[in-house]
Amino acid sequence: MSGNTLGQLFKVTSFGESHGPAIGCVIDGVPPRIPLSSDDIQPYVDKRRTGQSKYTSARQEPDKVEILSGVFEGQTTGTPIGLMIANQDARSKDYGDIKDKFRPGHADYSYFQKYGIRDYRGGGRSSARETAMRVAAGAIARKILSEILDTPVNIRGAMVQMGPMGIERANWDWDAVDNNPFGCPDAAAVASWEAHLDEIRSQGSSTGAVIEIVAQGVPAGLGAPVFDRLDADIAKALMSIPAVKGVEIGAGFNAATLTGPQNADEMNIGEDGKVSFASNNSGGVLGGISSGQDIVARFAVKPTSSISIPQKSVNTWGENVEVATRGRHDPCVGIRAVPIGEAMIACVLADHLLRHKGQCGG
Amino acid sequence: MSGNTLGQLFKVTSFGESHGPAIGCVIDGVPPRIPLSSDDIQPYVDKRRTGQSKYTSARQEPDKVEILSGVFEGQTTGTPIGLMIANQDARSKDYGDIKDKFRPGHADYSYFQKYGIRDYRGGGRSSARETAMRVAAGAIARKILSEILDTPVNIRGAMVQMGPMGIERANWDWDAVDNNPFGCPDAAAVASWEAHLDEIRSQGSSTGAVIEIVAQGVPAGLGAPVFDRLDADIAKALMSIPAVKGVEIGAGFNAATLTGPQNADEMNIGEDGKVSFASNNSGGVLGGISSGQDIVARFAVKPTSSISIPQKSVNTWGENVEVATRGRHDPCVGIRAVPIGEAMIACVLADHLLRHKGQCGG
Amino acid sequence: MSGNTLGQLFKVTSFGESHGPAIGCVIDGVPPRIPLSSDDIQPYVDKRRTGQSKYTSARQEPDKVEILSGVFEGQTTGTPIGLMIANQDARSKDYGDIKDKFRPGHADYSYFQKYGIRDYRGGGRSSARETAMRVAAGAIARKILSEILDTPVNIRGAMVQMGPMGIERANWDWDAVDNNPFGCPDAAAVASWEAHLDEIRSQGSSTGAVIEIVAQGVPAGLGAPVFDRLDADIAKALMSIPAVKGVEIGAGFNAATLTGPQNADEMNIGEDGKVSFASNNSGGVLGGISSGQDIVARFAVKPTSSISIPQKSVNTWGENVEVATRGRHDPCVGIRAVPIGEAMIACVLADHLLRHKGQCGG
Amino acid sequence: MSGNTLGQLFKVTSFGESHGPAIGCVIDGVPPRIPLSSDDIQPYVDKRRTGQSKYTSARQEPDKVEILSGVFEGQTTGTPIGLMIANQDARSKDYGDIKDKFRPGHADYSYFQKYGIRDYRGGGRSSARETAMRVAAGAIARKILSEILDTPVNIRGAMVQMGPMGIERANWDWDAVDNNPFGCPDAAAVASWEAHLDEIRSQGSSTGAVIEIVAQGVPAGLGAPVFDRLDADIAKALMSIPAVKGVEIGAGFNAATLTGPQNADEMNIGEDGKVSFASNNSGGVLGGISSGQDIVARFAVKPTSSISIPQKSVNTWGENVEVATRGRHDPCVGIRAVPIGEAMIACVLADHLLRHKGQCGG
């Protein structure tokens, strides 16, 4: 109830602090006889971690995921899967300012208000390091989706806005996404994004971003009518990612500006007897239940508050202070949020798939 | 697990279809000895229901909430509170098109895909009628917040955008909200909003809207670090409202455009020893835990698809058809969403308050 | 979290006090398209209620179950089923002693310690009246089991001990169960049981009992390895029935006296390729998972404390008092516990069947 | 939902197989600022493990518990506590018969029926090895109880029956419990128990046992009225221990033989204003809520089926076979169940204490 579990049937329980002995999670409810090894998981964890460009600062450690249980002779057994990454970079060091000063916009202050104690080393539990476990869980969720469903579900993400810089939708190219440091799907935008982020970085500043996740191949019928709507669970899962401040499905906030006829996704049955939709303003969810269209969700990531520009704050003794983050920092944490967003969607879909099978047997 | 329960300690389980015998809910976990009568609940239900203007179409029935259990001699007993509203307007009638045609953008299609059966009368379970129970639960949540906390929590909502029409933030006046048919906080905007909505209505069309909810007086410390973040639970609760397509906290999607220094809410301790913040881009939540600032959330409501302009669709026999909604309809369903959004925030806050007391004893 | 919900996928949330306006429950997670009407439910509720003999005291009201939602044109829709029984016998009257005196062995005292308030009318929430809703939920659980499984599950109960009076196992006859006022499966024992209970009743005293529930036709594979074992969930469900003080599975407490070879249920494969067991000391559950043998569970019901023989107690003002229950009372509440025990087993089996389908797709 | 989590606010999620890389658990919901180190946990784990006599066979490894998260500078932080014991004795070896033969009375058969796969090495997930994590969680539960409550809660267990051998209740001496290999509280019975178990052991057989757990100092008010009764949750927790076949509270099954006046625990207020009870047939729970009396629960442990006497069974290919367990085995697994039973009671009490604080603020 202190909230470290996600999902009902595909159930991820996470633990671990940035500089404690390890981070890990337990995934309960995985169907049996699904082929699984750490090779299915590690690539996603690596994608999140990697300092593959000058814009992301990686910890100097391999982040090797170990499967501790639930897999036997290369297959899941139906029992809980324990995952762990040992923290190698957890040595004692001088945390200086961070130990006693609350960084504006950080969890430092609210954690201390709640618990009266906080593990300040590297952000403790509030460190984005815990998202490595989300990505690992997402990799297992993908395996479940691909094993249980006849048609493959393809879950991909891209950065569609960085600070004030947007994309041209007409230029969208999934192949472009992996060919730039931002996960930007518009190759024509990359150069100006680079120039912008170089400027931000040289100032010791940071910038926000918007990420879009698309899940193709999701069957109609996943979700529930009232509280546990598929889109509501997606909203929760995405909003739970550190630094996320907004979530939208399909047309999202833009739907507020539309009229009914503009927004309605007209339907048609083709000669093959298959239903098609004239548009996807719904983002693949109608009344909380998937429609068979692509699930499309976007989320806004705020600029990190860990910047080298000094800011006014307070400390644990109730004094006014200035605080600045020293050393490396990510000028755009949204870059790492792409695989995390994909993982969250995968987890929600796997959970709702199992729930649907439980109730409706589909 | 088919998803009709919200909350962990303040736990609302909802039931009921639009044209069945009744709608209702069970609220489990309410602390004992809280003064409660239907007079605490009915005004909120009335506010949601009322056709207080030409823009909202009310069912011709009183929507009288009955307390079936959990209250004794004017006080809660700690046992579950059963609430019910009998459906008077549930008589059999001709549902015509709706019975067999899927309205684009409606839950009709996805329900049928999921369950293979649907109660088409008035939308069945997907009818916005179920939100009457959310509002009733929210009223009880407000009572809990006010009884348990020393300082009152004030949860209010307003419509800040209708279709393309926005507000001037400098004109914000809470007193204005109840003096126009939209819940618009900017009195100067009302006339143009009226003209716009009259136009929409006369066309048989509809428009979307954005609602903002502000909760003042929420103590620091409510929430949880990873999955059950306060803002994540708010996002789920708001996204679970029918027709909602986007949710944001604090600066929300606009945070994506900001730099770190612009976004950080600098902190200061005054001579009274109290912490104040220079801004509230966080929307009152840091690292998933309330900071003591106002909780500020916004959500986008799509234009209803129940419009009299015919649209292309399909029917249950796999034929292409045209469908149009006859009779009354709301040109802007966002108008009714204001009290629902307030109620959802109240429910989430009451739940997290009890959870915080359970773990941290606060 | 105040504990009025049972089950994870077949989820029963109960509400109501003995003398409030109504008792009811919400059943969420029922698969769609299961034929259901109140005729499927009422007979079980009647069986629990009926004063079919001089040994059971019935309230003078019909206990008519209403289905408020979740059923459309005679079939479940997959949405929550609301059930309600209006309390007709809920008129205000003089509760005399009960209002302020704590009856020894009753929930009166512990409720007051927990909540600081209690609805003393007819026992309030602690009244066995709430079990009517368990029986109603159990009827729906039976429908699910029979619709989803190929072979019918047959869940039956019998009273195997009343006070010091036991049965001869060799005489077990299911047909005898409905032909005596006790649900005793040994016709030869009935006369002496009657004599014994007449004596108890004439003294204004009461007696305990042991009930045995047998579920035939449960497929192998339901349950879970560690905490949510099928037998653990059965133990919880049966122990949650008012007045139950002990639960056992298969050989139960007698297993403590056995040796390994005596206790082991040897297995054999017949020429038809089917596994058979030489005995059923396991009670149909191995390692928390059903084996395909009959599920056999027993539970002990204490003698009711509502007796006309005065007892020493205390009152709400901290004074020593004597208390005696006036008017009708049941000399052996175990008699009514038979259908309740059956219902609890049905609910647990339906829940684990859906859970199994969710994870293992069976 | 595959059932590896116990508790609602004090929430234990367990993972691990006997011969996988590690066993472990995550404990979520622990209040912050509770002093905790592995020294608080290890003694309980050692007590469960130790081959302190010829009657218990220990794995040759230290079972060292590591705290992976949730503790900072010797105090809990309110974040989840990850615990792990690395399996040193997990080397590959020849499992011979066990690999393909189902041992009668074992989980082998039902696991295979459920999952279609099983980790046969040392029993896999069904190994009693997972109970080490229950004992570790119980140690943390004890810390919570002692830190939050004013008066200490003392949770102790004893073996009160071994096979046909009982105790003399008048001889009960808690100090005797640690001075014999059985945890027997009746020093006078020990010699005959030893003779009996020597005989059983020399035969390659095994015997059942009954364990009694007493929790002193539990405040009145913990529990809930209907499904999540304190005794129902205790019943589930104890029944979930491997090899347990029966659970009872207070007078338990003996209550079935009593009359109302015999069973009622009369109450009295002394001159100090404190309520006392003339007896404790209720076992400290009235109407599902603790009364302030000692919580008294007993559970029956079956004789282990891992015996060297050959038994008839079947194998994975559907053939009739004989199976016998080679090497060491415990002639009375009940001996190790004493600390496990204590731990389960501690976990349930800690959970209900936090739940009570959440709802009632006590």
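Order as written gives the chain letters A, B, C and D; numbering starts at 1 within each chain.
The definition used in the following text is that a contact is a pair of C-beta atoms (placed from the backbone, for glycine too) under 8 Å apart; a residue touches a chain by one contact, two chains touch by 3 or more.
Not measured: the values here are computed from a predicted model.
Separation of chain A from chain C in touch steps, taking the shortest path, is 1. Shared contacts of chain A and chain D, meaning chains that touch the two of them, come down to B, C. When each chain is reduced to the average of its Cα atoms, C sits farthest from chain A.
The mean-CA centres of chain B and chain C are about 39 angstrom from one another, to the nearest whole unit.
Distance between chain centres (mean CA atoms), chain B to chain D: 46 Å.
Remark: chain C and chain D have CA centroids separated by 26 Å (rounded to whole angstrom). In chain C, the residues that touch at least two other chains are 1-5, 8-9, 14, 29-30, 32, 78-79, 114-115, 125, 225, 354-355, 358-360.
Every residue of chain C that touches chain A in the complex is listed here, in rising order: 1, 8-9, 29-32, 78-79, 148, 225, 354-355, 357-361.
The touching residues of chain B, counted against chain A in their complex, run 1-6, 8-9, 12, 14, 102, 104-111, 113-116, 125-126, 130, 161-164, 200, 205-210, 220-229, 231-240, 242, 245-269, 273, 275, 278, 281-283, 285-292, 300-307, 309, 311-314, 318-320, 334, 355-356, 358-360. By the touch rule above, chain B contacts chain C in their complex via residues 1-5, 8-9, 11, 13-17, 20-26, 28-30, 32-33, 66-70, 72, 75, 77-82, 84, 114-119, 124-125, 354.
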